[in-house]
Amino acid sequence: MTLSKGRPYLAIPGPSVMPEEVLRAMHRSAPNIYEGELIDMTHGLVPDLKHVAGTRHNAAIYIGNGHAAWEAALSNVIAPGDRVLVPATGRFGFGWGEMAEGLGAEVEVLDFGRQHAMDMTKVAESLAADKDHRIKAVLGVHVDTSTSVRNDIAALRATMDEVGHPALLMADCIASLGCDRFEMDNWGVDVMVSASQKGLMVPPGLGFVFFNDKAAAVRSDMPRVSRYWDWTDRANPEFYYQLFCGTAPTHHLYGLRTALDMILDEGLENIWARHATLARAIWAAVEAWGQAGPIALNIQDTALRSHAVTSLRIGAPHGTALRRWTQHEAGLTLGIGLGMSTEQDPGGDGFFRFGHMGHVNAQMILGMLSTVQAGMTALDIPFGDGGLDAATAVIAKG
Amino acid sequence: MTLSKGRPYLAIPGPSVMPEEVLRAMHRSAPNIYEGELIDMTHGLVPDLKHVAGTRHNAAIYIGNGHAAWEAALSNVIAPGDRVLVPATGRFGFGWGEMAEGLGAEVEVLDFGRQHAMDMTKVAESLAADKDHRIKAVLGVHVDTSTSVRNDIAALRATMDEVGHPALLMADCIASLGCDRFEMDNWGVDVMVSASQKGLMVPPGLGFVFFNDKAAAVRSDMPRVSRYWDWTDRANPEFYYQLFCGTAPTHHLYGLRTALDMILDEGLENIWARHATLARAIWAAVEAWGQAGPIALNIQDTALRSHAVTSLRIGAPHGTALRRWTQHEAGLTLGIGLGMSTEQDPGGDGFFRFGHMGHVNAQMILGMLSTVQAGMTALDIPFGDGGLDAATAVIAKG
Amino acid sequence: MTLSKGRPYLAIPGPSVMPEEVLRAMHRSAPNIYEGELIDMTHGLVPDLKHVAGTRHNAAIYIGNGHAAWEAALSNVIAPGDRVLVPATGRFGFGWGEMAEGLGAEVEVLDFGRQHAMDMTKVAESLAADKDHRIKAVLGVHVDTSTSVRNDIAALRATMDEVGHPALLMADCIASLGCDRFEMDNWGVDVMVSASQKGLMVPPGLGFVFFNDKAAAVRSDMPRVSRYWDWTDRANPEFYYQLFCGTAPTHHLYGLRTALDMILDEGLENIWARHATLARAIWAAVEAWGQAGPIALNIQDTALRSHAVTSLRIGAPHGTALRRWTQHEAGLTLGIGLGMSTEQDPGGDGFFRFGHMGHVNAQMILGMLSTVQAGMTALDIPFGDGGLDAATAVIAKG
Amino acid sequence: MTLSKGRPYLAIPGPSVMPEEVLRAMHRSAPNIYEGELIDMTHGLVPDLKHVAGTRHNAAIYIGNGHAAWEAALSNVIAPGDRVLVPATGRFGFGWGEMAEGLGAEVEVLDFGRQHAMDMTKVAESLAADKDHRIKAVLGVHVDTSTSVRNDIAALRATMDEVGHPALLMADCIASLGCDRFEMDNWGVDVMVSASQKGLMVPPGLGFVFFNDKAAAVRSDMPRVSRYWDWTDRANPEFYYQLFCGTAPTHHLYGLRTALDMILDEGLENIWARHATLARAIWAAVEAWGQAGPIALNIQDTALRSHAVTSLRIGAPHGTALRRWTQHEAGLTLGIGLGMSTEQDPGGDGFFRFGHMGHVNAQMILGMLSTVQAGMTALDIPFGDGGLDAATAVIAKG
């Protein structure tokens, strides 16, 4: 007998739980791609996407995942031989840097480890050392889903300004957009990339690149940009066909429309507040459990923790054992530890992650936490008292 | 800001949470109703339904809800002027009796209140008093969703046998089939009614009537049975069209097929065990909370509690306030108290119910319980310590 | 190799082709049944249903098929021993009469054969002969889907009035509502029954009964009406729960809402005109084919032909052979002949039917007709020239 | 009044009509991306895709449209400064060449106009003139959806072999795969690109690149390939995550699985035969109409006509007028003329296209043709007799 037979709950750091409204909107016959509903609807998406991104500038939509958005953004401003600086705070910082390398860039990585945010002093040093301004862009991951650190992107801009470095500031908000506060224009971000399958609550398949005029000017000076990645016509199309460099991702667009309607209906400030409160409930539970057991949050400083994903340490083999238990005995799928393997724990079995992005409410998060406690109980992993009471208290307070 | 924006959880005593597999199976164009897939599939449903019901005898499927199944069953064996005995343990016992009255029956109700199971001594007395055997049927509700009492149907049969009364034993398993153990043939039930929207995990719209040869013989002696309710052709159709007395409920049949596949795949014993364990988790939480607060299970004796629905008392206006809080602040919809109003509490605001029938797993139930604790905290309703720990401990033990 | 692999087209006289909008609306988790969207939405259905029925009076919705609606309507006004008159023009006239018999009524059938509408002179004779007004209701099928005859219901009312007979006029609009013009109040209909799966474009599962004050008065005088069929509380519910005598057909209601929106958006007059033109295209093709072949429309007089279903004669075994060919070689499912068997053709293999009700447009009907011509060609069934040109000419004219 | 209200039919050259089975399979919650069903299912896709492509070699799946697949394929074998030869027979030949230009290639285009297939003599001349073998790849579009010409890819390989030119043969089968016979290995194709939304019957969002060992060797010699486009890890992944260079297109994969099941079930030879017969029905109708009217097939030679898309000439403004009429009056959406504008007809209003790819059967094609005839009638566009009879005769013969 298993207690898992019921509605599954996928609490991984993306793809996130999709609203049934979104899935329903995607269930339709192929639409007319020449005129009518699809065309009108698509044009309406762009202003709403820009609102969510906090920008008055440009948006390009790509059929692709987050890696596609990474490469798309880079392709428009980084030519072979160009230099980029990557202050890395987890697996995805490295990953974006590798995409830049794949395009022929020279990549300077500042490795801040697996438990820390960017150290702006070190970033400033690197920028200051680049006296001839060879660094063309700084690639900053807002929330790195492997470590669940949340970097201060506004501070990164301030650092660049203080040093007087003209590089573009490019931000990866794949795991944060629609979850953690992000204000592209106000924070001085030149290029931002995101994707559909996390805070935006749409199945994987769409990547987004937002860019301002400074970035557009850099693009204009590029010797060549591949046709598919070129954001120029996508952001300012003369014909519908140019919006997606060919056939439109028809079904995803209907899903995105519905998701954006839900986001606008709730309001960004409310969404950010909801994610913040739910995150605090998670932290409260884990901190209580950790008083008398191995479980611990990966990031110590609450100000540096993502509100959308939480990395945890629990010691091998507990992480993997716990994930298996919650899935097979309770119907809850947790995220694997990513980029966390060590010599002692080559499989990363001492880590796991909570995804809590997008379409998540209090009863889901409390179900997730209670199930984890049940799992620790079942597996004889010790834990401190009061975790669930602490979490419910946070929720009760709202 | 509300913490309710996410996947809603409807934890009411039916309609229950439908598996997405079931909903997906129902999303299809109208099928060929003359031959092929639909026809073959429909005929395969009956043996599987009978397996779930624990009978080797007959099954009739009706387009209708539980009330329709009530009337259908009665119409085949109760003629105007016939007498029925209703040992009532909640709102639905009375309700079934009213349906019999509507058909012209004389209805004798034994009212066992709102917190107790049938008292078999009283039932025996009534039957014994019916010396000329005017009582043609005893209507026993297995689980009354208003009180969440679970009656001992096998004991009801034993009581009838002891008294030597020849009446039909008719059981209402609308809220128990596919949740609580029920064995129609082994328990000596002559007629059983159920519906699609609870343990069978299909949207409301199908009612089921199972009957054995004794009941069929009573039907044969009826002066007249209305064409639509007549179970004869439905259970033993010569033509497909007779199965449903007209057009088939095509889309629901696909849903039912999928639900039965899921049930057979898990296995009835496993399903019953899952419901039992989840119910014990609920009881454990509530009993702990009740040590220092007003919340209490409606049924004291664990042996008499349903594994599919739980009625709770918490004092007006807490019940309604709590339901509103969990829905509007956490995304959890609880069941209203039903048939529980009193002079002091005319609106029944001191009661609420948990539905935990069908497609429910551990993470859902724990989410429900934690959310209730959050709600009691938010609303300053006192409660005893350790409720959630007690529930997780039950789940951990499996 | 078969040419049938593609989107199937079910052109039978119901269930009809469902709009994907309707199916999409039905694909959803179980809703809150106590308050909110479902409740508000349900109450909005009734005025729109009444608009479609052409009545200012009462509507009751039943979970059930057309046969259920038949029995429901009868149960409210016909008691055992009451007499009804059935001017039958096909299988469904007899069927409704049988339902009345099942309720204990004395049924007088006027059989107008399989190719003719009601002869009002004969109806008048029967009514006039009923000097003591024992006939309590006249059951008139508007469109009998077996013969595809369309009876003149307003003329039936006029006939009753001329004779001065006080019986209720009950109309079956299952196959005509939302297809052929019908005006309940203007035409003097007292009770009308319909169902969801034809012109209303929703999967089978809902029956409708409309009734005026005269019928309500008859109901009031009934000695007893079964609880489930009683329309009183359904039409004027104090509580939501009474609307459906128990659990609501939640998912069908969402489908119905969407279908009604589509109907209101197009407009009843436009819908009637669309069905009329499409029907004329069918007639034009068949009449041309019939000039040099066995195919023929079952009803000669154009004024008596349904705009929603067409019965055809083609001689055994051509009917069945043609249906098989269109299904297996072209992806088109046609309706079987119903109630048309004769001594020479016991299987009714010389007949078939077109369904063209609800969600049908010109390209569908033309595809159906062209496929039938292809089938006749393949099967060496002779046919006259110009059928498709005639049909396209009707469509071209609009 | 419009006759268009019914099930819409989108008969454009992609996106094609999607089977409801495919859409249903895509309607699901986000799956576990670490283990279980999704992972197993994805690995099973590759052999089936290769079967459809007619290759024993390698397949890479991209999230993207056809243009993405173009760029992906080119990126793996064409470096800046490399030379490609494009024998263009329509808009898409030019388009693929432009993608190569965007990657820095020197592109030599042989323009064969808008009504002709590749002239292999001219191709041979170009290749022979390239004495130092600077041409690294020949880009051949199998079926150009703008002109509907179908090129002889095997003959293109033979031409290359006769000249003894070592360039890669790259084929675009976006509009032909799963419709027209294509045998990658047997025909000597080194790289083939396709996409999901035409013969493969899945919504737009997936591109496919197939490549053999010769192409893989060219890839190995490339100085650099962008990470996202690199096919190496995609085709031979060590980890699931590499299959899609990041997050998998979860929902499309379920759709693709279902589509491939349908394709395997019908069988490629049967599918090709079905498309061929349906195409001949179209040609028969148009040729008859063209005897006394302006409508004409764009490609004269039947051997050079696509079986999946048909370009037509009808003279401005008839093309656009006809498309509007069929959409607004009959529910049929036809494809616009693409790349066909001339000085006299700058808007390309004298052209239109039929899409007949993938999930198409006889009744659909006949509906399309009859509707076009109705449109020509309505718009007073003259046409010859017997078009529909000719088409039905082709269908009847099978």
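We call the chains A, B, C and D, going by the order they appear; numbering starts again at 1 in every chain.
By our rule, a contact is a pair of C-beta atoms (placed from the backbone, for glycine too) under 8 Å apart; a residue touches a chain by one contact, two chains touch by 3 or more.
Which protein is which chain? UniProt says A, B, C, D = Soluble hydrogenase 42 kDa subunit.
Everything numeric in this text was worked out from a predicted model, so none of it was measured.
Trainee: Contact counts by the stated rule: is the higher one at A-C or B-C?
Mentor: B-C
Trainee: Sort the other chains by how far their Cα centres are from that of subunit C and give me the top one.
Mentor: A
Trainee: On a C-alpha centroid basis, what's the spacing between subunit A and subunit C, in Å?
Mentor: The separation of the two C-alpha centroids amounts to 55 Å.
Trainee: In whole angstrom, what separates the CA-based centres of subunit B and subunit C?
Mentor: It comes to 35 Å between the two C-alpha centres.
Trainee: Mark out which residues of subunit D touch at least two other chains, giving numbers and ranges.
Mentor: Residues 8, 17, 20, 24, 27-29 of subunit D touch two or more partner chains.
Trainee: Enumerate the contact residues on subunit D facing subunit C in the complex.
Mentor: Residues in contact with subunit C: 1-9, 17, 19-20, 27, 262, 266, 269-271, 273-274, 277-278, 326, 329-332, 359-364, 366-371, 373-375, 377-378, 385, 388-389, 391-393, 395-398.
Trainee: Okay, in this complex, where on subunit A does subunit D touch?
Mentor: Residue list for subunit A touching subunit D: 8, 10, 12, 14-18, 23-24, 26-34, 63-68, 70-71, 75, 80, 98-99, 101-104, 195, 197, 203-205, 224-230, 244-252, 327, 333, 336.
Trainee: Given the complex with subunit A, which residues does subunit C contribute to the contact?
Mentor: 20, 24, 27-29
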